[in-house]
Each structure stands twice: as structure tokens, then as C-alpha cells.
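As written, the chain order gives the labels A, B, C and D, with residue 1 at the start of each chain.
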């Protein structure tokens, strides 16, 4: 154990990120990102219909994958402040920067909002149009007229019945032998008939009622959730997510940078208090992002665990990318003085714990659905059991995403050797790519071919193209943003604590 | 300042460990025995109102089981004979009619006897199937399961006792491997039967006859007939199982209905 | 009969005993120990001790539990008495249903491995020990920081070792004897 | 150097660090000796009068539990009110309630240990003890719920004369394994933690039975670093094992419900939601027990406002997570468009026989902890105590809502019913509280209620680098003992 490290030995304005040292990477990522994005959309314009539709899935996959990393960045920043942690101050700027990429993905997702790709991805838009059409058909003037006629008949029948009962009452209660009980019974019959008439009169069919009836019959599931799954609300939610998630990280990052410049601890308190309040907003937004974008790929399927599942993967892999980024930056000579092996150790432990947490959530979700075996739930896993997806899931998700990294990270030593830990982190990232791929892509074949094919041949090349394009933009923007401020929060009151971290 | 605990206490953990090990072994052995079928009811030998000797009746005299237990082939329940069956031989003036051991019989049957009550003899039931288990005697007896499989060699018992622990595993073992118990139907009540006593030619002729009875084409047993050496239970059982299509069910509802 | 067992040296603080331990380590003593009311952070390093291999024992325990559970479940549910219940198959495909028990037994066996492994590693229970005869030593469970160098150590010499201990900053040194 | 870096680092005034500096875990600069004396004193001195006032009724209640159990076994389980359609009544509600409380202790001490939350030291011992006692209370219920208690050994995988084996595909059997494993591991965890403290009690006892007993259970602990290093590794491993174990146990309990196809029970979020609920209810129970203990035995310097503040925040967090789960359940019952699921929740929240219970639950578990957003509420012990008890009640209601609400309105309207407990169930539930409290009071009486060795380890001077930190602080003109920065806290 060496002597304690004092902040007095660090430069007052922190460590600047000198972009020129990484100019090559930055240039390549810009060219790859910008060029391939352009190429992707040009191809999109010129390719035939089904391939165009399948490219929407490619783009969604790429955007969502990188978005999860950014979401994890926001989460770790929030958690760091909310738990009043000290250990992670030296890497917090990386988390903030990663989180601050979130607007990029909302912008990149904009093309998916266009009706073409939108309807290819989320069938409920088309199904909803059909449902509304069915409602319109059902409430056409002829239908309305017929319904009114029917209604008129039922009212007439009720009136007739009432008259008959009344007549009977008059006749029978007048006889001398009528007992009190019989009279009472007749009275009750009259009251019942009057009630029925009233009900019949009140149920005059209107065009709106007929329309909803038609919609209900056309698609009962979608009709029941029309309050949530409708175009207006869907677009409004998109804006809402963007504002909430973008806003959270905007505030946290700008306060953090202001603290660097002024050294005012007021920002520290703001970040702490703000994070506590932001956490519920964050959780709610991310939950519904994945409900809207991923769960609704099949609008009949549902799982309460879905938000937690996607969150677990995001937090895990954002920690993985932080470890990888840290090692890379250190190999270029940055952050050498502040980050120690203890930080690697703790980040390794967090990554390890989230490997376990992800497995726990993924297994529980699979397990409960597998065990209960209810049709509308099992379809998610049935789709992903067909073709080669079964071997894919067992090989990559069960073994690759859990067992291997779990066994690999059990030893303490592994977590304190940066290059080994980075290797595992990169492995985890690859598995996360495959996880997101597994969530989105198996829907593509059945959706676009009405269940005839599991896989669209050739579409995988566009998946890779989209992935590289979004990845390039991500790396470029990450490096650009990193250069905007010190590489670590140099005026944080917890900096000294973080420097002297001991596990 | 002396030590509070004396030096010998340092050996105590080892000693305790060894002691616990021995006790554990004994406990496991006892428990294992308790949980085995041998323990359950086997050996139960109540005193009967009349000291009826199966050794004499079924052994020396060679009476068939079905002389007394008449329903066994036809009914789910195998009956204990009523006093009339005993009376067939032991009525006044017949076999041992004066024996004091037969007093309960006279009380039940002999109208001239001073102690006559007409009440049936209170035999004590030895083999008892619990209420929650369904057992059908006839289906077993008619498919070549001998009495001896469950009741033991009753013909050698002076006083009948519970010979085998009839636990669930006891039933299951046989249901899983019925070929270990099956024998030709005419030998079901022959408690001394041995597979090697059976003539090879006669057995296969019997099998051929069985198959014919079912209207299907009889399998060709010429190869087996040509073989040498005595028959074994395994061979007899397997062939009978095939011939009768014996497929004992193993699911819970077989017995727990 | 009595003979020298060890020197018991008392220190005032965690910092003091930490530095003393470094010196004893560097002086080349082998049979010595530092007795403190709580585990002092970094003391393993100061004493030159390596990592505890208890984790290896526990890994073995866990693997035993894992295999036991899988054997128990497969043997009874697939081999011995395959019953179709809950609409689940009676073959390898039913394995997700076995995970909970497998997990529990893995943990259970690991925990037993911790308990018994730990007792074996620290050589407890041992109720009688020469050090319990020392009044100075008894303070280790309250607020005493005690450094003990045993007479069995090859470098142990009554006069020199006492002097050495005093030079490391001990506030008091006592010779403890044992009966034999 | 300090003066050169101007106001930012060197010349920070203590006042500016308000809300930023790490608060001390032991107040008033208490020495190690004081800590030993104060904690051991509880065991060594006569108990205060109020201890007896609490203990005697608790024992009487525990006796009631024995009575109801004897009555139950001798008469039959028909003395309970559960029947078709509500076959799982209070027995299972209370089982899940107690097991939930029982989860907290080990979880608290294991997770907080793994995350190096050093404030755990004042809480963990009593939380673990509480865990064991709660699991004992919980274990009673399923044992007797099987109907024929003397056949309960059928749950264990022992070869027997029936040649049948346990159904390893059944959640109820997983429960057996999970709960028994949990109890065993918790006992080991608790006992290993106790060893150094038992040694302290041993060394303080003069002679006689007391010394003999503490001595025997202390196993001859000598506190040598050659022992500590294995001890620390063992403790770490146990914490690492306990954490997923606790998660699994309450997940398995949730599987009892969630693997079924019963509307309102089959929900994929159940496992993490149950676990969060267990932490939630457990912290509440720890606070309920420890706030009076702290006051009664003068432990305020070790069990400080900071501890209570932290625990209140965790209650707020987990309560909100539980709220998230409630709302997700509701959302999916709407979004899933499944008629039965929707009806189950309609019956829960709009118009059903137990709607009142749902609102009790929602208020106690989700609304009431929200007051902990305010620091004032977290500092006011009465508020904390009251909210903790709301949470205790709320967690009971949660289980009640899950079980009878769903069962009373089955798929078949013809067999709908209403369940209410009989006096036997009520008395038995009260009895488990008696048993729980008696055991806890005996624990206070005979064992150190706070982990002595661990509290010593979080004192500033316990760090071998303490002099260096003091020097650095002096250089900055700060008070030498105000740990505004610490070495190993994260």
C-alpha cells in the first residue's frame, strides 16, 4: 500500500483531451459513419420494396444497440450521484459523455417515423388503419339505417309486451280470487316490462357506437389498447422520451462541467439532488421506449419484465464500453495519473454483477413464460426457437452472454489486469450486439412475409452496414464531445476519495 | 493467568467429529431400514379366532387357494371364506367336528350347539389395501401373477403372516418388470411352482394355444422349441408378456383413482 | 514444566503495529502474528502474506453441489420415475425446471465449504492456547494491538527479539510461557 | 502547495463542505474501549425493566402459537378458514410475509458488504438475527399447511418405501430447497460474523458458566492476522454467496405464484419485484426493531442519524421500485388486452371483494415512503418509525392482495367465494409475532446486538494511514478528525 494520493499534485484544470492524438480514429469513424449512413439511405431509396422494409429493421437494430450504451451512461451517472459515491469520480466524465450521445440516436431514429419503415416495423399501424376502416364500414349509412330499423323493432316489441302485461294485470287483478301475492307479482311484471322498454329506447344506435363495435370485431386486442397504441400518442411519446432523457443528461453534464470551471460545490449538490429526482423519470422513459420500439414489434406480445430486461443489458454493456474506452484512452496516454487498477477492479466487479443480474432477469422472463406456456406469451420465444435462432440463443445468450463471462470474471486477478478485463468487456459487447439482434431481427422474416419465411436472405449485409454506420457516428461524436472538457471532473469534492480508492 | 479451558479440550473437536460420524452412520442405517419395505407391515401375525393351519389345508391336503378364496378370479376383492365353507368339511360328524379349536365355527354354524349365536367368525384381516389405493385381484390372477408373489408361501405357514411389505415401490417394481412374475395361468395357485419344472414343448404349445385364442396368427415358436435346457423365469415371463400384451400402467391414476 | 512460548508486544495504534509488522517481516521472522480487534486493512501486505485460498475450496464445494443437484434431479425425474407433470417433458429439455434446485444446492454446498474450510484454515476450534495465559494478550479483543513472535521461530532469541520488538515501537513486551 | 491552489482545494472552509463531507459513522470520537464497553454492557448488565415488560407478553403470545399448533394438529387443518376457492389463506400470506422480512437481514448485510457500504456495521448483526427468527416463523406455515404435519419429511429427497420422488419441477419443492438452504446459510453467515465478538465477551467474562459458554462458541478465536485473512475471505465469499441466494429465494417464492396460469399471479416481473419488496419490508422491520433498541440501550453514537437516513432512503428507493412493479402490472393488464388479466386487476382496483386491501397496500407501500424525499422526515425518528410500520403493514397487505383477491374470483364464477380468517389463524399470526419478539429479545439479552469488531474497523483511527490523513488535513487547515474525505469509501 503506497502513500495516499493528494489532489494537490494534480493540475487545477484537469486533463485536456488532445484530439490530435486520436485524429486517425476520429477521421476514420467520421468517414465510416457519415459515408455509410449516406450509402445506407441511398440504397434505401433505390432497393425494391421488401428489402427496403427489411432495412428498417437493420436501422432500428443499429440505433437501439448504440442507444442502450448511451442509456447505460446516463444510468451510471445518475447512480453515481444518487448513491453519493466517491469511487467513480475519475471516470464519471466518460459516463457523462457516453450518456450525452442520446440525442444522436433520437435523431438517427427519425427516418423510422416515416410511414414506410414505420409500418414495416410496427404492424399495429397498418392493423389500426384496417381496424378503423372496419369501423367505418360498419357505421356506413346503410348499416346505420339497418341498425336503426332493428332498434325500432325492438322498441316496438318492448312496447307491445308492456301493453300485454298491463292488460293482463288489469284483467286478473280485477277478479275476486286474486290474492295479494298474485297482485304483487303482476305489479312486478309491469315494472320489469317498463324497465325493458326504457333500456330499449335508450339504446338508439349511433354512428360512433357502430364504428367502435366494428373496430372491436375487427381487432379486439388492438381496440382494447387503442388509448395507448395510436399514432398521436405514439409521436408525442417520442418527443417526450427525447426531452426527458436528453434533458437529464444535459443538465448533469453541464453542471459537472461548470463545476470544473468554477470549483463551486453548489453544482455538486444540484447534481446529487437532481439525480435522485431524475431516476424515476429515467426509469419510466426507458421502460416505455422499449415498450414502444421493441415490445410493440409484435403488438400482441407483452411481458412486465421487458423494461428491466433491456435496462439490465444496457447497464452491463455500458460498463463494458466504459472499461474498453478507458483502456484505450490510457493506452494513448490519458488518465494515467488518476485511474488505478482499483478502478478497474471495481468496474470489473460492477460488470460482473450485471452479468449475473442480466442472466437473472433474462432467465426469469424466459422461465416464467416457458413454464406457464400461455399462447399469447410463448409466441415471442416460439419465433426465436425456429430456424437457427434456437441454437443462436443457447450458444450466444445462455453460454456466451452468461456462462463464459461469469466463469471468466470469477477470479479476482482477472478484474485487475486491464487488458484481460477489456477483453472480457469486448466479448460482453459482442454478446450484447447479438442480444439486441436476437430481440429485433427474428421478427423481420415472419412480419414481412406474413409468416412464410423466418429469414430474409441477404438482409444481414444491411444489418452490418447500418451497425458500422451508426457505430462510426457514435465514435466520432463521443471523441468530439470528450474534447469539450477535462477528462475527469477536476474540481469534484470527492476527487481525492476516488484517487485513493481501495477495494 | 491460567487458561480457562484445560489442554485436553483441544482434542475435543476431533473426538466430537468422530463421535458424530459414528452416530450419523448409525442414524442413517436405522433410518434406511425404517424406510425400507421390509419394515412396514411385514411380519404382522395376528392371532385368529380359529388357529387355522394353512400348512395342513393348502400344504398337506393340497387344497387349491380358490376352494376358500372363491372370488379371487372374478372380483377386485379376494374374499375370506364364510363359515359355511368350513362347515362343508367340519360339520357335525365330519372332520374333527369335536375339536375345541373349532368352537367359534360351531357357534356360527351348529344350530344344535348350546353356544350357537349365528354370528360369523371374526377373522382378523392381515393384508389390507389402504382406501386411497385401488387394487384388483382378478386382473392380476387372470394374467398369470401367482398368489405367492404378494402373499408368500402361505402353504408353509402354520399361522398366516404378512410375508412381504406391500409398499408402493413393491407394486411398482412388478409393474415395471412384470416378466419377473408371470407364469402360465394353470400354475397361478401352485405356490411351489418352479419355472425349470415346466416342460419346454408343453409351454410353447400352451403359448401357441393362447395366441390362437385371440384370433391372430400364432407366432412361430419352432426355434425356441428346438432349444435345449430348462426354462427360466425370464424366458417364460417375457413370452407370456408378449402373448398377453401385458403393459402394466405406471401413472398415478392406475391405483389412486 | 514451563518453557518460553512467545514474546507478546503491545502497540498503541493500528498505524504503529502496521509499521512494526513491516519491520518484523523484513527482519525475516516466520512464526509470528499480529492480533488485532478488527482486521487491519493492508496488514496482509505488511506481514508479507499472500492471498487466502479459501476461495478454491469453496469453488470445489460449489461444483460438488452443482453436480449433486443435477444428478439427483436427472436420476429421479428422468431415469428412475419419469412422470409427465405440468406438461413438462421427461428428458433433457426439462432442464430449466431443474435450475432453481441446482442453484440452491450449489450455494448450500459452497456455504458449507466456507464454514468447514474456514475452520480448517484457521485451525479452530482450539480452546486452549498458551497465549490465553497472557493478560496483555487478552486485550486484543478490546483495543489492544498485539504482535506475537513465537519461540519456535528460527530467529528467536530471548534477549535480541525483545530488544528488536522494543525498537519497532512496542509500548510493552511480555514473555509468555507454556506448559508441556 | 495548498495555498497556491487558492480557494478550491486548499482553503476549503468546513462550512462549505456541509452536505458534502462524509459523516462519521461513530459519533463523539468514541474509542474502541468505549465501543466494547457499551455493546458488551448490554449483555453483561441487568436488563432494563421495559425488557421484561416486552418479553413476558411475547412469551405468552409464543405460547398461544404453540397452543394453536397443537389445536390445529389434533383437530385438523379445517380449523383454518381457507377452503375452495381460496385454498391459500393467511397461512401462505403469512409465510410469504415472514419470509420476505427474513430476506432483508442477510441481504442487507451481504449486499452492503459487497458494495463496501461501511455503515452496515451497526445494522447487520441485528438484521441477520431478525432474519433467522423471521425464517423460523415463516417455516412454521408451509410445514403445517401440508395438512399432515408428521408426514412433512416427504418433502425431503430420501429414498422411501413408496418409490416416489419429490417433483423437482414443482415450485413448491423449490421452496423447500430454497428456504432450508437460506436458513442454513444465514445461520452460518451470522455465526461466522459472531465469532470475534464472542471472543470479546469471553475475554471480558471472569469465570463460570458465562465464560464457558462464550468460550465454547468463540472456538478459541485469537484474532491473529493469519486468522483474519482467511476469515475476511470467508466472510466475503459468504456475502457473495448470500446475495444471489437471497435473490433466488424470494424469486422462488414468487415462482409459487408466477409459474401458474392464474390471472394476477402470472407476471414476468414477479421475481425482481418480490426481491425489491423483501428489501423494502426488511429495512422497515429493522428500523421498527432497532429504533427502540437504540434509544433503550444508548446506542445513538454507533447507530447514528446517518444510518437511519440511509435506511430511509433505501426504503424510499425500494418502495418506488415496488410501485414501478405495481404500475407495470396494471399497464400490462391493460396493454396485454387479456380479458382475464384485465378482470383480475379490475377486481383488485375498481370493484372486487378485496379492493380495500389493494388501496391499503398501495398507500402503505408506495405513497407513504414518498415522505422520505424530505430530509426533515428522515431526521424525525417518529416519522421514520411510523412509516416503517406502514411499510410492515403494507407488505403484509401486498401478499394478502396477491393471494385471496385472485383466488376468490376464479375462472369459474360458480365457485366464487370470500375468504376471511378464523380465530385460529389470527391467534397463530399474533403468536408468530410473539415468537419473533421473544427470540429477538433473547438475542439482545445474550449476544452483542452490534458487530463490535466491525464497528471498530470503521473508526478513522482504524486505518493504518490515519496519521498521514491527519497530517494532510492539518496542512489544509481543516479539523484533523473531520473525515470530509475518506480512504476507502465508495
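Just so we're on the same page, a residue touches a chain if its C-beta (ideal position, glycine included) is under 8 Å from a C-beta of that chain, and two chains touch if they have at least 3 such contacts.
Not measured: the values here are computed from a predicted model.
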(request) Would you mind checking which chain's mean C-alpha position lies nearest the centre of all protein C-alpha atoms? (result) D
(message) Among all chains, whose Cα centre is located farthest from the one for subunit D?
(response) B
(request) Out of every possible chain pairing, name the one holding the most C-beta contact pairs. (result) C-D
(request) Would you mind pulling out the distance in Å between where the CA atoms of subunit A average out and where those of subunit B do? (result) 68
(request) Round to the nearest whole Å and give the separation of the Cα centres of subunit A and subunit C. (result) 47
(message) Taking the mean of the CA coordinates per chain, how far is subunit C from subunit D in Å?
(response) 28
(request) Please report how many Å separate the Cα centroid of subunit B from that of subunit C, as a whole number. (result) 60
(request) Could you check subunit C for residues that touch two or more other chains and list them? (result) 41-42, 46, 51, 83, 86, 88, 97, 125-129, 132, 138
(request) Among the residues of subunit A, pick out those that touch two or more other chains and give their numbers. (result) 1, 367, 371, 373, 502
(message) Give me the residue numbers in subunit D that touch at least two other chains, ranges are fine.
(response) 163-164, 215, 220, 244, 255, 259, 464-465, 488
(request) Select the category (line, ring, star, complete, other) that matches the graph of chains linked by touching. (result) other
(request) Provide the full list of chain pairs in touch. (result) A-C, A-D, B-C, B-D, C-D
(request) Using the touch definition up top, name the residues of subunit A that touch subunit C in the complex. (result) 1, 363, 366-367, 370-371, 373, 410, 412, 502
(message) Looking at the complex, which residues from subunit C come into contact with subunit B?
(response) 83, 125-130, 132-135, 138, 179
(request) Report the residues of subunit D in contact with subunit A in the complex, numbered from low to high. (result) 1-2, 5, 7-10, 16-17, 19-22, 114, 116, 244, 247, 251, 255, 258-261, 266-272, 320, 324-325, 328-329, 332, 334-338, 342, 373, 464-465, 468-469, 472, 484-490
(request) Enumerate the contact residues on subunit A facing subunit D in the complex. (result) 1, 3-4, 6-8, 12, 85-88, 220-222, 224-225, 227-228, 263, 265, 268-269, 276, 280, 283-284, 287, 291, 300, 302-308, 346, 353, 356, 360-361, 364-365, 367-369, 371-374, 376, 491, 493-494, 496-498, 500-503
(message) Under the stated contact criterion, what part of subunit D meets subunit B in this complex?
(response) 158-164, 207, 211-212, 215, 220
